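Consider the two complexes below, in which subunit A is the common component and subunit B and subunit C are the respective partners.
== the complex of A and B ==
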């Protein structure tokens, strides 16, 4: 039942989905990078109450399925906040929020890895707290966490297809539609798998390079 | 708002067994595949290493949802044999997480100090004895924290099965949504809390195992300060900062 013709046809049908997947990955990743840092700083600086809430939220979000969170955000949080974003934005924000909980731990590990002497030296120089963070600690912590952030970006890329559950036409969504139009799903899904393999494999090699460059052993 | 709570609870609980079956089934396949593929990654034979590498990279490189759709929807057409969605789901969960687990096992075996192997050689252990008596017991304990994370990832992935019509918790919630539109928040909160509870159970069991394994090796158990591991969900086989251990 396999048709090579459909297989090759599905390539161009999936391309528009590829852009959606890319856009969701990039926007979600940016959100995760920024929000993750905010979460990590709240916990490191030990802002009272907020710090505990962040801790609980991070633990909870990390232990529950992204798919349910995407539904929750789309069907519950959005109406509750009185906004109506498109499925794409709603899903991307849920994705970014989910991964922010992972990246916050990455930042935390990166901050912890800055030697204690750096803090002591900043105190000795009586640098203000803000300057200690922005001028001393973060510039040392962030390069170390880049490879881990890269790995998460690849994971996000592979999880964007979940957005199809709220109607976003990404690569897999496009494959699904293509399959429904042609009464034959196997070619398009195989092509979707190849898309992911071809894109995520070189990225993981790139991340390994980054690792070798920034993380000293 | 809460008047239908009892009904929601009842409907969602009907999905709980499926979530649990999928998790346990997935975990069983994951363990088997990670041990086989992980040891194969360290094999002396180049062909074995190559096949295992293809499996690991193939499943880690593609999206889990694509794998699920492929095995649940495309494969039946190609081979003319339809798996029950739940079984197809369990198979995908196992295959996918087994690929990550293979790297865990490989890393753990490699982390056993070389002197241990040399000691076993000096004591005239056969290669099989060396593996069974010396390397694996020490590698085993190293695999427990990363496997804890992996199993929680697997639990979370069971929600995907809703998309191939397995009547697990997420699917049950989805069935309720069109009927109880305004109360959908309560429904989702119930399943989120249930998932969280299940993940706490997994962590609890793995901690017990870890303690037992440490005692068997005559080591002191490691203390944990958070509920889940700080590295939960890390690309497996790496440290918090992404470096290979």
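== the complex of A and C ==
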């Protein structure tokens, strides 16, 4: 039986979960932005050994489900490394690592899209390699990849409920708990859905704006 | 054909640097191939300091490749290149001549500048930054000195008011003049020009060529220039080299080469170019 009262009550009950979802998205996304760039550079510069390791890692991560990776990182990798992070941090790192493999492809495409003549002009001016990257190539590549990074950030936001599998109480976790406490699940899950909708939708409009602004030139 | 084996040691010995005082650019038996396509087959030529040498010849004859080898954008497969008596393609390890490593290339390429057909300005920087970037980062000039130098150069190329403009706001001809100023800011001994007006609308060509004439007559820079602008080549060149299939088939003063070429190939080529213009 649908109860409007439970529906409105669930709003404030879900807010702490929203905060967790938000934090996991932001921290995971930052990790994905930075690590993705590092992966892309390692492969582009062909750093020996590291680029093979990165290639293997990217292939592994792209061909297994995120859920498996979240479990694997929490139950297998952490004990191996001899650390015991909270479920939140373990899950967020797994999420960031997963998306880093996708953002690294995005960066790679962005770097490849910078015309060869930019490299050649840099060489003709004797600019050091490092400065060519930081002063010429990346400042042209990164604006082009911002919309794609934005899209991946929205995907990450929508995938954070997977962290529930290792016990992180995000929006969906909070909805599940609320439903269990009140013997009625539909109100809180509906509210959770609305949370995602209300936050994702304007974000995708924002990303589309970015696209219009950066991708054409 | 064994001489175009990439692994072969260059045969040049101690005599290679002998009369370096009168030679700015020296190609000795230079071989360049892309896969099976042998573009330069044991090419020899030299350019004196301050000389303006123009390369002409049909498309695909290897003119760009010569400039790119000098700019260290490509590596030789055989033979050696020297700039002002110093090996560019090679270096000494002990007293043995070995292919140049990146460190050696970094050192020697500073003396050479290049202007490209497609300008290749940095679109993430304004005009001034395009010109000051390398003097600051490579030569270590203080920012204010680099900017002063850049502004002088912009005045010289007639773009004194475009200091803060963005490359995309400039016409092709203006962009190319910025690119020339950018190359000059490094005070190169050798300036390479690869069809620098070919991408321009016809009405913008003269402006760029006039700037180049001015520079050629007021500096002692050594020029190696690829162009289809025969009038310009005739005006500024000390010498013109006619290329065909990676070989120099004629090497003469512009007066001689443009009025009474010795080779049938040269004559045909000049007719074709002049008819097109």
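Note that in this section the second predicted complex is superposed on the first by the 216 of 217 C-alpha atoms of A that agree within 3 Å, B and C clash if a C-alpha of one lies under 4 Å from a C-alpha of the other, contacts with A are read in each partner's own complex, and residues count from 1 in each chain.
Basically, a residue touches a chain if its C-beta (ideal position, glycine included) is under 8 Å from a C-beta of that chain, and two chains touch if they have at least 3 such contacts.
Keep in mind that what you see is a predicted model, and the values were worked out from it rather than measured.
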{"item": "Room on subunit A for both subunit B and subunit C (clash or fit)", "value": "fit"}
{"item": "First (subunit B), second (subunit C), both or neither touched by A:135", "value": "second"}
{"item": "Partner chain in contact with A:51 - subunit B first, subunit C second, else both or neither", "value": "neither"}
{"item": "Following superposition on chain A: angle at subunit A, subunit B versus subunit C, Cα, nearest 10°", "value": "100"}
{"item": "Subunit B versus subunit C as contact partner of A:118, first or second or both or neither", "value": "second"}
{"item": "Partner chain(s) touched by A:63 [first = subunit B, second = subunit C, both, neither]", "value": "first"}
{"item": "Touching partner for A:126 - first (subunit B), second (subunit C), both, neither", "value": "second"}
{"item": "Subunit A residues touched - subunit C or subunit B, whichever exceeds", "value": "B"}
{"item": "First, second, both or neither for A:197, with subunit B first and subunit C second", "value": "first"}
{"item": "Distance in angstrom between the closest Cα atoms of subunit C and subunit B, superposition on A", "value": "18"}
{"item": "Overlap of the subunit B and subunit C footprints on subunit A, listed as residue numbers", "value": "217"}
{"item": "Residues on subunit B engaged by subunit A in the complex (per definition of touch)", "value": "57-58, 61-67, 69-70, 73-75, 77-78, 152, 155-160, 162-163, 170, 173-174, 177, 184-185, 188-189, 191-192, 195-196, 199-200, 226-228, 230-235, 238, 240-243"}
{"item": "Touching residues (chain side subunit A, partner subunit B) in the complex", "value": "1-2, 59-60, 62-69, 71-72, 75-76, 80, 102, 105-106, 108-110, 113, 144-145, 147-148, 150-152, 154-155, 158-162, 164-165, 172, 175-176, 179, 184-186, 189-190, 192-193, 196-197, 200-201, 204, 207, 211, 215, 217"}
{"item": "Subunit C residues within the subunit A interface of the complex", "value": "71-73, 106, 109-110, 112-114, 116, 118, 120-124, 133-134, 137-138, 168, 179, 182-183, 186"}
{"item": "Subunit C-facing residues of subunit A, complex", "value": "115, 117-118, 120-121, 123-128, 131, 135-136, 139-140, 217"}
